[in-house]
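Some structures to go through are shown next.
You will see two complexes here that share chain A, one where it goes with chain B and one where it goes with chain C.
Right, the complex of A and B next:
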């Protein structure tokens, strides 16, 4: 490796780092002030790229020159900023009081809506923007050619950093942002107009996302996959830098840019994993990132299963429900049975997450890790050992439990948003391994031919098997939730210091909870693998984790029946909407947003609340 | 399928009971299931959908097949193996379709082949190119129309002989299609160019290329030939970075699919001239049958055809011919009608080889040139697939059935 090559590669890294920082900076500002983890930030970035790729060529037609190019970029970013304002005023403003997880869910609804709207407005084709006038020719650096536009990008990062620093330090708006980042309640108590402050912050955040996207158009074709790929990297940048810290985000972006540039030389096939490995390593050493501060846990954090007297006829109702479900093969056609099987699998998956979130207060963004480990554990056993289904099930369970034990050991040292992000990183590392370790996992192809044994090959038989395993696992977990162990978890959720004071080994208890929840999700994963006949990396992906969260939150986090109802509702919704229209993401997103607004405690929770109000 | 014929009989009974004519009863449509990545791979699949829709319209205007109209029930396969098999299952069990066709990504195609084998339903993989679909993972129920990687790479390598390039670099998306194409290339280039070596390999994740870093890594190896398998957004970024940094100057570049309008048009005037590619010079093909297709397509959609359009159109006509020859929608009859059958298509005569269910459709091979504001192909030639197919002995060694 000669020097000029190293220099060029470092410059490549700097250019990526700059673009990443500009986008991530907006995310970290919004989080600092509103405490919302804005999943839709990546979508705003995508809208910025599409807007610029459409607007800039049109402006260049009118008048060709650098002025119209850069003006077009800024106008696109402003448009995205206004979109941020619309989102804040119409949606976020109404749910600041809701539990933080609901806000997250609402922003994920926006992701779905924007995915479809972008295709509707800009068309399905990828749009490559024009090159910047005057920056078409490369420059020679150490005898190698380097695109001059990349040099501009390298300069843009520090420029944005300086501008943001100026706004934060030298303006009243910036002072308020910093104050709100430190203590939101105090700012409110001092009589600051919060609505205006939040709208302004959302505008700034969305503007930066739009700018980040718009600056990409000469080097990246605007495409519909941009949103989720950038959001994962933005999360890493903000977490590694420390949530809410702008200089931290800058430093993190620089490191990630270099890691990616040199990473592809050393591991040309594992580009995806290095970024998340970095996040895991940093969080393991510094639990709050480079410049982050420990979070003050507010009251809204600790929502979850409340202690209440068991319902009078609970056991009877549950028994009737199970018997009715067991009778389904008598009346259902094969397709209905398949849907019912999937609902049961996801119900179990969401229920295992309930143990972590509802009981333990441990918000996991990466629950798909255990679902996927269960599925892959089974599939790998079938593929490499030629084992039958009966042996593959325990293997899946074991792998998921082991994975949960390992991940949990790291995760329980953290809290709040950092904990959530560590679980996300863990899931993404596993995703990257499944995706890029082609020899063993089959990569993107996944593993096919994972079919059940003959005695349960029929749809009815497999449905009954799923029902039996789901019921047994759910009852077992329910027992756990109501045991002293479950109460210890709840105590730690509601007040960690008090729980420690009365002698509960909080970390150890949480670690056990992780193993149990992981094993439960592992069973669901194995069941899912055999019901479809294949596994693929998407089982470990962010959307799968979000699915579990959505089901749990839709159903209601405070109740035991919540996740079961949530999975049924979400799955049926998706199943009914998908064949009807190609705009199913739009409808699903709107349904999720609507439900967040109407049922802020989840379906079961809200219905129960109504009942209690009447009583 | 049993279910379809049941419904058919029921419909007949109801129609007779109502005193309707028997002719009307027979017009219960033949249902065909289709699935593709319409959201994630829209550049190829949307024109492809336009193509088969045009064919459905034409066929039904002429009275359909077996006296019944054709109804295609189409779904988005989400671009992942899991979603695809799930959607396929919905089409088979809920809609009761007679056969399935479609899918774009190779990994999805492999999963669909496995599904078809498990559920014993015919699946026609129109686009997925990996060899596995007709070789290692091939089965009795899975058929493929497009020339596979082995055939297309074979056509390109043939062109590379003359260039004398010995040091080769590979850039391919890291999933089934890219891996399969890279493996075939490594084998064929060493067989046909003595002393050829692979000096660099880059496998960016599909849709996530870091183009600048990838280009400088390839440049560093100082190859005299480059074999490119990227397509879509990855390709546009790779080409733009490569052009700026002069990666392609003085090098022989072989590139799969880049001459197809769906990938060529987004490059606009930055077409890398001189690349040897497989593609689709639709405006220069003079066969009357093809011209008629182009005219009908342009009249209906007010857009120029892509390769996807041609493929969708062709596949549907081949399905019509198959059902007509089979005389029913029974799976075994359809398989019998497909194996070793000849089809007269807009792209010429195509034979479905029975031993591996791979059609003999060929590909257009030529060089990229800039024509006005966008790219096209020059010195192109249509290579019939027959002489590029893997040998029968090889097929027998690879397939499990």
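Right, the complex of A and C next:
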């Protein structure tokens, strides 16, 4: 490894740090003022890339030269900025007071909507933009060729930092933004129109996301997967730098850029692992990142499970329900059984998440991690050890529980929005590992041939096995929710300091909850793997996590039966609507947004509110 | 004379607990009214309800003859109703000058506008720490800054919540001077206080609030004369 190689790698790291910072800076600014983590920020980045990759060639047709190129980049970013304004006015403005779970879900709804809209507008193909006029020839650095466009990118990061610094420190708008970051109510009491301030902030944030995306076009083809990959990276940058801190984001991006550039030498496949380690170290020392502060947290959490009188004859009704479900194979329709098996699997998956969110108040946005670990744990045992299903199930459960113990160990130090972002980032890292470690996991194709043992090979038998395992796990988790341990979790959910003051070891309890919830999701994942006969990385993906959250939201997070009902409703809806339209994600996204807007406090919270208004 | 601020039948609740019952009070141009009461009597809630910071119902809630019930807080503030919060709520990340900048609003007709320099004349110690961050100021300095910041909005009336709380006695004296100076400029002040002696020193009229209801409203002299009332409502 000679000096020139090190220098080139360092420059590569700086170039990616710049791109990352420009995008993440917008996210952190928007969070600082609105306290909303805008999941759609990555989508704005993607729209910026697609817009620029379409607009810039057209502008170069008109007049070839650097001015057209750069003007095209800026216009693309401005268009994305306006899109940010539209999002603020139509949606965000209505959910500033909502619990963070709903804010995240609603902005994820935008992610889904924009995914379909981008395909509709720009087409499904990747679009590689033109190279910048005047920057086509590489420059020579220490005897090695280095793309000159990358040098411009390296300069762009600090330039944006300086510009943002100027706006924040030297303009009235910036002063107001910084004041609002600290105390929104007082800013309003001094006569400042917050709505305008927030809209302006969204414009600025979206503009930066669009700029970040537009600047990528000569390097990376605009593609429909870039929204979720950049948002995970941005989450890491903002969390490590400290939510709401622009210099923090810059520092974090610089470090992560270098880690990625040199991490390639250690882990050629997955540089994200190095990033993950950095994140673990930083958050272990500083739970709020470099320049973050504990008081700058997200909004409130949603109303969770509360004590209620047991329903009269509840046990009887539940028993009848289980018996009826057990009789389903008598109908003998294989398709129905397949759907019923999947509904049960996802009900179990959502139910295990309920333990974290409804009981623990821990908004995990990466629950797919444990579902996927369960599935992969089983599939890998089958593939590499030739083990039968009976041995693969415990292996899946164990891997999921271990994963939950590892991830849980440091996310329980966090709360609110930090926890949501970290769990999401952890799941994305597992996704990347499953995707990139082709020799072991089969990469994108996954692992096939994961079939159940002979005695449950039939659809009916496997359905009954799924039912039995689901019922046992749900009853076990229900018992836990209603035990002193469950009460301790709820106490910590409602007030962490008070729970600690009465002697509850909040972190340990939460850690245990993570392991239990992870194990539950792991069982669901194993069941799913054997029901399909295969696993693939999408099981670990963000959409899978969001499926579980949507089921919770649909069914209501305040009740134990909620996730079970939610799973059935979402599955049936999807089965009915997906064949009818190619715009399924658009439909789902709008539905999620609609749910959040109509029931910003959750179903039961809304009903309770009505009761109080009437009283 | 029509009151500058006219409150009639104001009630407010936190959840199911009602904390204000049928409050009525008036503030006339250029006068200082002291809202006196114990901790938890409802003083802060009254001020916040006027500004729409807590949800409240009122038969009439008007400023300069215009109803402000249900208006967004910033619109109420822009009509010329300033607010200095109990815990001061200085933007601690911002410097003194930047704090003042946040409070700046366009000047109102018929009043000489407050500028930074004019305020630095009134608060000489703030002038010496223009570049200092809010987090590095003492409680008394923060209180002065909070008032100066609100004056930057050129208000016709200020709701001043417990300005004497938690600051040194010598600063309390200075605070009284500041309130008199504001009054001299024609700014009306609705002052919430539990320190009745301080309130008596600067107030023209007194309103005594206890458990969310107004127990007494009248000239300050009458309040001072009524020892029984003081003993009952303030325990002094």
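Worth a mention:
We adopt the following convention: the second predicted complex is superposed on the first by the 558 of 615 C-alpha atoms of A that agree within 3 Å, B and C clash if a C-alpha of one lies under 4 Å from a C-alpha of the other, contacts with A are read in each partner's own complex, and residues count from 1 in each chain.
By definition in this document, a contact is a pair of C-beta atoms (placed from the backbone, for glycine too) under 8 Å apart; a residue touches a chain by one contact, two chains touch by 3 or more.
Model, not experiment: these values are computed from the prediction.
Applying the stated contact rule after C-alpha superposition, one finds that A:175 touches chain C and leaves chain B untouched. When both complexes are overlaid on chain A, the residue A:533 reaches chain B alone and has no touch with chain C. After overlaying the two complexes on the shared chain, residue contacts for A:183 are found with chain C alone; chain B is out of touch.
Looking at the shared chain after the overlay, A:192 reaches chain C, while chain B stays out of its contact range.
Note on chain A: of its two partners chain C and chain B, the one contacting more of its residues is B. Legend: residue contacts after superposition of the two complexes on their common chain; A:436 is shown touching chain B, with no touch to chain C. Contacts of chain A with chain B, set against its contacts with chain C after fitting on chain A, share not one residue. On chain C, the positions that touch chain A within their shared complex are 15-16, 51, 53, 72-74, 77-78, 83, 85, 89, 91-94, 98-99, 101-105, 149-150, 153.
For chain A in complex with chain B, the residues that touch the partner chain are 1, 5, 8-9, 12-13, 15-16, 115, 119, 124-128, 138, 144-147, 150, 218-221, 223-225, 229, 260-261, 264-265, 268-269, 271-272, 333-335, 338, 435-436, 438, 443-446, 448-449, 451, 532-536, 538-539, 578-579, 582, 585.
Chain contact summary for the complex, chain A toward chain C: residues 172, 175-176, 178-179, 181-183, 185-194, 612, 615.
Residues 38-40, 42-43, 46, 75-76, 80-83, 85-86, 89-90, 93-94, 105-107, 110-111, 114-115, 118, 137, 174-176, 179, 201-208, 210-214, 216-217, 219-220, 232-233, 236-237, 240-241, 244-246, 266-268 of chain B are the ones touching chain A in the complex.
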